[in-house]
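Labels run A, B, C and D following the written order; every chain starts at residue 1.
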Amino acid sequence: MMNDCRTLSQNARIAVLAARDLQDEKSCFVGIGIPSDAACLAKLSHAPNLSMIYESGVIGTLPYSPAMSTGSPSIAYNSDMITDSFTVFGELQAGRIDIGLLSAAQVDAFGNLNSTVIGPYENPKIRMVGSGGAHDIACLVPELIILMPHDSRRFVNDVDFITSPGANKEFAETRLKNKLGSGPVSLITDRARFYMSKDGWKLDAPLAGYSYDEATEDLPWDVGKGINNSITISDDLFNAIRYLPYLEAKN
Amino acid sequence: MDNNFKISKKTKIVSLESAITDNIKPGNIVFLGGFGHAIPFYSSHEIIRQNIKDLTICRSGADILFDQMIASGIVSKVIFGYIGNPGVGLSHSFRKAVKDHKILLEEWTNYSLILRLHAGRMGLPFIPSKILQIGDMPDNIKYMKTIKCPYTDIDMSAIPALVPDVAVIHAQQADEFGNIQMWGVDGDTIEGALASNKIIVSVERIVDNSEIKKFPDRTVIPAHRVSAVVELPWGAYPSYVTDFYSRDDKHYIEYDKISRDPDLLNYYIDEWIRNIQSIEEYMKLIGKKNLKELQNGMCGLKSNDE
Amino acid sequence: MDNNFKISKKTKIVSLESAITDNIKPGNIVFLGGFGHAIPFYSSHEIIRQNIKDLTICRSGADILFDQMIASGIVSKVIFGYIGNPGVGLSHSFRKAVKDHKILLEEWTNYSLILRLHAGRMGLPFIPSKILQIGDMPDNIKYMKTIKCPYTDIDMSAIPALVPDVAVIHAQQADEFGNIQMWGVDGDTIEGALASNKIIVSVERIVDNSEIKKFPDRTVIPAHRVSAVVELPWGAYPSYVTDFYSRDDKHYIEYDKISRDPDLLNYYIDEWIRNIQSIEEYMKLIGKKNLKELQNGMCGLKSNDE
Amino acid sequence: MMNDCRTLSQNARIAVLAARDLQDEKSCFVGIGIPSDAACLAKLSHAPNLSMIYESGVIGTLPYSPAMSTGSPSIAYNSDMITDSFTVFGELQAGRIDIGLLSAAQVDAFGNLNSTVIGPYENPKIRMVGSGGAHDIACLVPELIILMPHDSRRFVNDVDFITSPGANKEFAETRLKNKLGSGPVSLITDRARFYMSKDGWKLDAPLAGYSYDEATEDLPWDVGKGINNSITISDDLFNAIRYLPYLEAKN
């Protein structure tokens, strides 16, 4: 019997879908929240040798409880290594961290992300937190996975500010020329997985239990018909959720 | 050499009041340490109490300490990569100050801010990097130049050095001479301290120099670089200090509500900052039960004894 | 998360033979760790035993391990800041190889070599520096370019990155997954390891992962960056390992005499390197009395217990 | 009664003379041997707050016994701090280490030092150890003190190779323009102290007990008449030698 993802919380659905993209023996740069949760789920199921790296400098940890900051006790506690932020960003710039996971307030068709301002920069409607390490990860990581709750306000034609650059033609050319990371490869929502094409996001498939219409509801982009019917979540991965009870509780 | 030979050296231990008065002047660029961990709340509050104005404050990822400094009206500029209440939401005082044009921004990213400090620490006017070549760049950092790598011909950002006038950091322990030991999450704290011209350090405890020498690898700043040492147990509350006490997540969550409301925030700043005369009063405000719980919490004293 | 959940992970522990065979190829650039402290003598000797030729070896300050590698005829090039027998004198095999034009040099200084590794570690094609602008510069590093700082207009050396194929280092301890812990003098060891594409580590002892987690600050290289871990107690002899054994200064002094004489040196290389089949044989050669003395010596086991 | 320096070993004489130039509360970058010994003597007498920094990354130590390398046990043991070489060289480049002490095989009138080759670089008579950190210290430190046993072969008109640059006019101009350290300020032998002038080394004064002729014997440079009659060593400094017995024994 197929695992029923509709029973999961929104965050848990994003986390399991994203976890599928994290292969064993890779290293990934993770932020707090769903990115960290997704990596935990991967590690607890199909990717025991996945290395999780936090920008605070913590490496090799499995948080017991949800952390509020990448420097929080539950990240530091029981970790294999605590180095400094300089070192982990250096590894990132050297192309030695395989995957990055990011979320933001807005995403456009080419994976440009905004976490800086809603409205104009000089006269913001909402001034947000700024890049943090998001710009750096988006520029440097070989493979970027973007995580977004399915909320139509977040999916836009043009982000108000490109905090973290995506894969539009101009950026893609500069990425190649200046030896940056190649940018976004997938967009994970709580309803579907999308992949980056030359023309922007295209639907891979809806999460099992979700229809095509649900997966693409209110998206301002032409994401195509999908290349797979649906994505099912393996038992191992599905069952791993029980180790992160807060992920289920938190919808 | 004679093992028992004692050299009489100068002490760096001073009162918090004079540590701040003597080393921080209006208009200074001040680096505030702590990346989630060991944020120098109490010593930075003294800057607010002394009302030292027109400050530029800087670090990569900043939390509610920056919010408090901004709310107190002593900050004219922030140089930063992130300002928020991690895991909770926005920095409301920052948000308002930006909206009301009451503050100048120099907005980098976490890595570029760290590289600015790294260049400062290394005595370089700039350091190249691959970041900040694509995406939107605020006008306030458009003075940054681009250079061509002479070997690969690729364009790189010339990240300009940042040399703060003073760093204020919190650490686990120091000896009277100013050898500073810190462990657990550092983030960009040591980078920022070493980049700065002066370094003020508050610590959970002063220890004998012989304790320092047991783990010389834990010394993160050498005595000769330190301007002032102040013993301030609980000086990093509501953030945490590994092997001392855990983070008071609840305080951060409540601060979100408080900082949305100007009246509540004023009351908070009076209660938690302006009216506080000593670290003992601060501890009283935290409350005995809470102190104990935090000592027993993750990364606290008890957690370490397991 | 469930505290008792066990993830079954891959081990990085292999035999010394396969650590070297699988990771070092003829023609490779090899960084050899250890700055006075924790020099990977025994694991580097395995490279000599396997006769892997045409190697380029590099580090900032190099001691008699470089002399031995050069004397063994497997080195075609050295990239270095210093090669000698510290406190004793010259590296005689290096001196002869240079005189006889049997070796290519790329001669930097200690800081510039460290900056080359630092750039490699940071993923930069170069890093600027104020050094190497005045004084004589050997032809072999004249490919280094100069750049103008876009802010200050001063000329700076563009120190080119160095990314060794493999680093060979020695440390105190590791777990089976490859988390490496080292303390005491590091010099440029970690810089060189992190700059390299592969990292081979020999350690005094393998410990459980739970031991690693007690002092995560002591972990200097994360598991996912390590290619191979080999347990080799005494692997750094005649250099030393803090909290394990002291330096055998006498060995270094005798080596000065030995390495002046080709016959004596051949005999030494056979006796101490080529004919040695195991670390136990190496320890036998060091001698029980000497092993004990070195454990009791400064920075040894006993010195730590005081 | 004046302390009789003629009773001291050659190394001890250099060390006490050099120690005088190390003021309290300064930081100095020291190498193994006489530089380290000189700093120890200063610390044990007039400069208790002198900070000694070794290129191995060790800070705040007083070696119990002579060390063979800057990374040796007697340097690491009982130190206040062990950081990495990158950090201490960075402090040096940032102008945050006040004084450097260097020795070499050859020195010329402007303090250029050679520790690389005797003879031509491509066909050396004697290939030596190379720069190590010497070039870096000579370029970066605000105040450089050069230590040399009085051995006429070491004092030359032109060094065979400028490993560590001195203060000749061309170099001095580049130092100013490119914001390097200002280079050599004094040359200490076991017989005298010299200071750097626009025209090269000039005699400050002979060590008490040594004549002008002894102080300048076989020097290939015009060092003038001296500006002081002689340099006496304070009781504190002289007595500090007893804490470094190996310095006395080692002549």
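Criterion: contacts are C-beta pairs under 8 Å (C-beta built on N, C-alpha and C of every residue); 3 or more make two chains touch, one makes a residue touch a chain.
Fair warning: this is a prediction, and the values are worked out from it, not measured in the lab.
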{"item": "Centroid spacing, where centroids are CA-atom means, of chain A and chain D in whole angstrom", "value": "57"}
{"item": "Chain C and chain D, separation of their C-alpha mean positions in angstrom", "value": "29"}
{"item": "Inter-chain centre distance, chain B versus chain C - centres from mean C-alpha coordinates, in Å", "value": "36"}
{"item": "Touching two or more other chains - residues of chain C", "value": "123-124, 129-130, 152, 154, 156, 183-184, 217"}
{"item": "Residues of chain A engaged with two or more neighbouring chains", "value": "58, 64-65, 76, 82, 92-93, 140"}
{"item": "Contact graph of the chains (line, ring, star, complete, other)", "value": "other"}
{"item": "Set of all touching chain pairs, with the criterion as stated earlier", "value": "A-B, A-C, B-C, B-D, C-D"}
{"item": "Residues of chain B defined as touching chain C within the complex", "value": "123-130, 145-147, 149-152, 154, 156, 158, 160, 183-184, 217-218"}
{"item": "Contact set on chain B toward chain D in their complex", "value": "1-3, 5, 7-10, 120-124, 175, 177, 179, 194, 209, 212-213, 216-217, 219-220, 222-225"}
{"item": "Chain D residues within the chain B interface of the complex", "value": "25, 27, 40, 43-44, 48-49, 51, 53, 58-60, 62-65, 76, 78-83, 87, 90-96, 140, 243-244"}
{"item": "Chain A residues touching chain B - in the complex, by the definition given at the top", "value": "32-33, 55-58, 64-77, 82, 84-86, 89, 92-93, 112, 116, 121-124, 126-136, 138-140, 161-165, 170-171, 174-175, 177-180"}
{"item": "Residues of chain C touching chain D in the complex", "value": "35-37, 60-61, 63, 80-84, 86-88, 90-91, 94-95, 98-99, 107-112, 114, 118, 129-136, 138-139, 152, 154-156, 183-188, 190-191, 240, 242, 246-247, 249, 252, 297-299, 303"}
